[in-house]
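Shared between the two complexes below is subunit A, which has subunit B as its partner in the first and subunit C in the second.
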Partner chain A sequence: MHIMEGFLPLPWAAFWWAVALPCLGFGIYQLKRILSADREALPLLGVTGGFIFILSSLKLPSVTGSCSHPTGTGLSAICFGPFITSVICAIVLLFQSLFLAHGGLSTLGANIISMGVAGPVAGWVVYRILRDTRVHVYLTVFCVCAIADLVTYVVTSFELALAYPAAVGGVASSFVSFLGIFAITQVPLAIVEGIVLALVFKYIVTLKPEILIRLRVFPEEKIRAAAGDAP
Partner chain B sequence: MKKGYLLEILAIAAIIGFCAIFLYSSSLAGEAEFAGSDTVGSERVSELSGIPLEEFHPIIPQWEPPSGEVESGLFALQAAVGGIIVGWVFGYWKGQAKVKNHEG
Partner chain C sequence: MYEEILEDIAHNSALRETNTAVKLATGAGAILLCLLSPGFFAPLFVAVTLVLALVLLARVDIHTLLHVYMAPALFALFSIAVIVLVSGGGECFWRWQPLPWFALSLSRDGINQGVLVLARFAGGTTAIAFIALTTPMTDLFAVMKRARVPDEVTDLAMIIYRTIFVIMAHVVQVYRAQIMRLGYSTFRESVRSFATLCGAVFIASWEAGEDLVRAMEARCYDGKFAVLGRDRPPAPLSVAAVALFFLTTGALAVTTADITLI
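After this line comes the complex of A and B, so read on.
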């Protein structure tokens, strides 16, 4: 999902930076508030952030003959909301653009929007819808993580399409064209990522259900049910 | 207790299934080079804009890993940092739970 350095014209790069900065600012504010209210949230932040580090470093070959990264952002979006997730993503993406030439400093804003804002926000919306329904917590986590991963790539395609509308068909036609590269590669990865993160969530529920209840990640009965008779 | 490991079994099945599909599709498409989708995306940008790939210059100068080995090493470093944090926290929680069980 990284847009490479130099591949966004300057006005678009600046525009996405301008959108990304307030999100980061709000995320840092929320982060300070949560951590000063409850120090026990820090380990949970470590686990969710740690998985973003691990998963986004894996370049997995997919069925279409190209490689792509999972994002791992869904778990953090569930536990802490989308904007704290943006802050973690910004750290990862900064590391990758400085040392790995994956993405660049001028395109960092656009990359933060796709991986750190759009994906987590979409996942978080799914989470809010499913949270208080009868849908099982692990199934919820799976859906959120898979959606967050997919939407990241859809938005990357959209960002590129806006900057490079096709001569025939304009933005829509080049959106479809980029979608063909990014999103289709991503579907199998998103499914695997969803299952793996649901499994991680199961271990969090088993080891430390109190923190999930205290942060009101899910209603208490649902966490207890999941911890008691894990499927 | 077999029911307790449904998610683990699903995860392993998904990963194995994913690998199987990958091996099968890569044996069909012999020439596919499994380039990063970022690279393929950049090529599409150059097709759509009609600007050759070499004409794209970084707006902000950028350090590039001198070789694929260095790059994969740095990626492994990133994963290791994540893995250390995750392992540390799960150990910390496990310890907390043990202490609590002993007291209570």
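After this line comes the complex of A and C, so read on.
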């Protein structure tokens, strides 16, 4: 869910750019550190970005009949952490605005914060909490992806509410209105995305578990156990 | 999906060879003017002028342009509806207040605010479409290098860009095979097919990445990509046209600042 070009007044667009830049700076610092340690990581990060772009340009089966796209950031946050995901996301969001006219350039800062920072950070926190528990890996992936998606939508609603406070009730009232209207599409979308990405994870566990073991996404025994569960 | 990618159109655009900085300045300047304008006339002028430039100068098909607007327009209409309903002020035509702290109303100021946002959306999206439909991404990488964007980010962007097309071909093949086998006939079947498609694409992406590592190592990759930045110098006529466009838009923004729809 992206904020389209022209939606944020100039001061708010500049504010979100100012908030996004330090997050991107930290992401670039982490990216440089990873690349200086392992040069092979660059192509792998690149294909992850390509995968997120493709994933977010595919139409998800939607129960509300609207045109919905998954974000794919939950999976990236699990694999590479939230701040590397923010850099990948910034590039993907730029490509989306220029390739598909989704999102915008003045609103890129706000979109980076909602889809590239808040969503992945929330998903990553859930992942860190559930990773070493007895919760099944597929359920963990479902929770991470659904939460990352939901938080993205909540933060986008908040960004819009700050820019357009209601005449009665101010920002809080406006926030409730934006949450309410987008809940029609975004809540089912988050659930479907969680299910789809858990199934994707199951597919990878079945066919190529070595990818997930190499990325140290979950303890090896958990991946092996899940591969044994998979038919 | 594949057909929606605007990059192919940019490569065939009649403005393809125009200086990249001039095209970027046109788009970015138009977005800035749309946001600075307090009235809706200037953003609408930007939208109309840039649509005409795309159709008449860049020779972009009008149906493609309409297609570009469709997906963002859905989100835009939802959001504008909320902005109109929560923004009060001025004469009130309809009001509903279910809670003391929550009210929806249709007021003069709310409608005018919605019209302004709609005009800014139209102007801004057209400005982005102008960049997207006339400037291939490869030209933007050269600009990123010149603008001293960190090498790691530019290199990552270039690999993502390259990978998109590799994966896209794979997606199209799998997707068509799934359609042929009625993979999207029911909701349940759609979810399963979509997950299989994404899983297959993830594994294909990973293998493409490993192939890329091997290919780059074989070509003495030392951590930096070379970017070929060939660009024509800006033509005086195009610079004059852009300056005139900015001046007219700016003048319109100032003179029509107080004009509202109702």
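Methods note: the second predicted complex is superposed on the first by the 186 of 231 C-alpha atoms of A that agree within 3 Å, B and C clash if a C-alpha of one lies under 4 Å from a C-alpha of the other, contacts with A are read in each partner's own complex, and residues count from 1 in each chain.
The criterion applied here is as follows: a residue touches a chain if its C-beta (ideal position, glycine included) is under 8 Å from a C-beta of that chain, and two chains touch if they have at least 3 such contacts.
This structure is a prediction, so every number in the text was calculated from the model and none was measured.
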Worksheet entry | Which of subunit B and subunit C A:138 touches, first, second, both or neither | first
Worksheet item: Of the two partner chains, subunit B (first) and subunit C (second), which one does A:35 touch, if any: first, second, both, or neither?
Response: second
Discussion item. I'd like to know which partner A:125 touches here: subunit B for first, subunit C for second, both or neither.
Written reply: neither
Worksheet item: Does the superposition put A:104 against subunit B (first), subunit C (second), both, or neither?
Response: both
Worksheet item: Once the shared chain is lined up, is A:53 touching subunit B (first), subunit C (second), both, or neither of them?
Response: both
Fill in: Touching partner for A:225 - first (subunit B), second (subunit C), both, neither
neither
Practice prompt. Would you check which partner chain A:172 touches, where first means subunit B only, second means subunit C only, and both and neither mean what they say?
Written response: second
Fill in: Partner chain in contact with A:188 - subunit B first, subunit C second, else both or neither
first
Worksheet item: Should A:162 be classified as contacting the first partner (subunit B), the second (subunit C), both, or neither?
Response: neither
Practice prompt. Would you please give the residues of subunit A that touch subunit B in one complex and also touch subunit C in the other complex?
Written response: 1-7, 10, 13, 43-44, 46-47, 49-51, 53-54, 57-59, 61, 63, 66-67, 92, 95, 97-102, 104-106, 160, 164-167, 174, 177-178, 181-182, 192, 195-196, 199, 202-203, 207-208
Item to complete: Using the touch definition up top, name the residues of subunit B that touch subunit A in the complex.
Response: 3-4, 6-8, 10-11, 14-15, 18, 21-22, 25-26, 29, 32-42, 44-45, 48-49, 56-60, 62-65, 71, 74-76, 78-79, 81-86, 88-90, 92-94, 96-97
Discussion item. Per the contact definition, I'd like the list of subunit A residues that touch subunit B in the complex.
Written reply: 1-7, 10, 13, 43-44, 46-47, 49-54, 56-59, 61-68, 92, 95-106, 138, 156, 160, 164-167, 174, 177-178, 181-182, 185-186, 188, 191-192, 195-196, 198-199, 202-203, 207-208, 229-231
Practice prompt. Using the touch rule from the top, collect the residues of subunit C that touch subunit A in their complex.
Written response: 1, 4-7, 27-28, 31-32, 34-36, 43, 68-69, 71-72, 74-76, 78-79, 81-83, 85-89, 97, 101-105, 107, 110, 113, 117, 119-125, 127-129, 131-132, 137, 140, 150, 152-153, 155-164, 166-168, 171, 184, 187, 190-192, 194-203, 205-206, 208-210, 212-213, 216, 221, 223
Practice prompt. Using the touch definition up top, name the residues of subunit A that touch subunit C in the complex.
Written response: 1-7, 9-10, 13, 28, 31-32, 35, 39-40, 42-51, 53-55, 57-61, 63, 66-67, 87-88, 91-92, 94-95, 97-102, 104-106, 160, 164-169, 172-174, 176-178, 181-182, 192, 195-197, 199-204, 207-208, 211
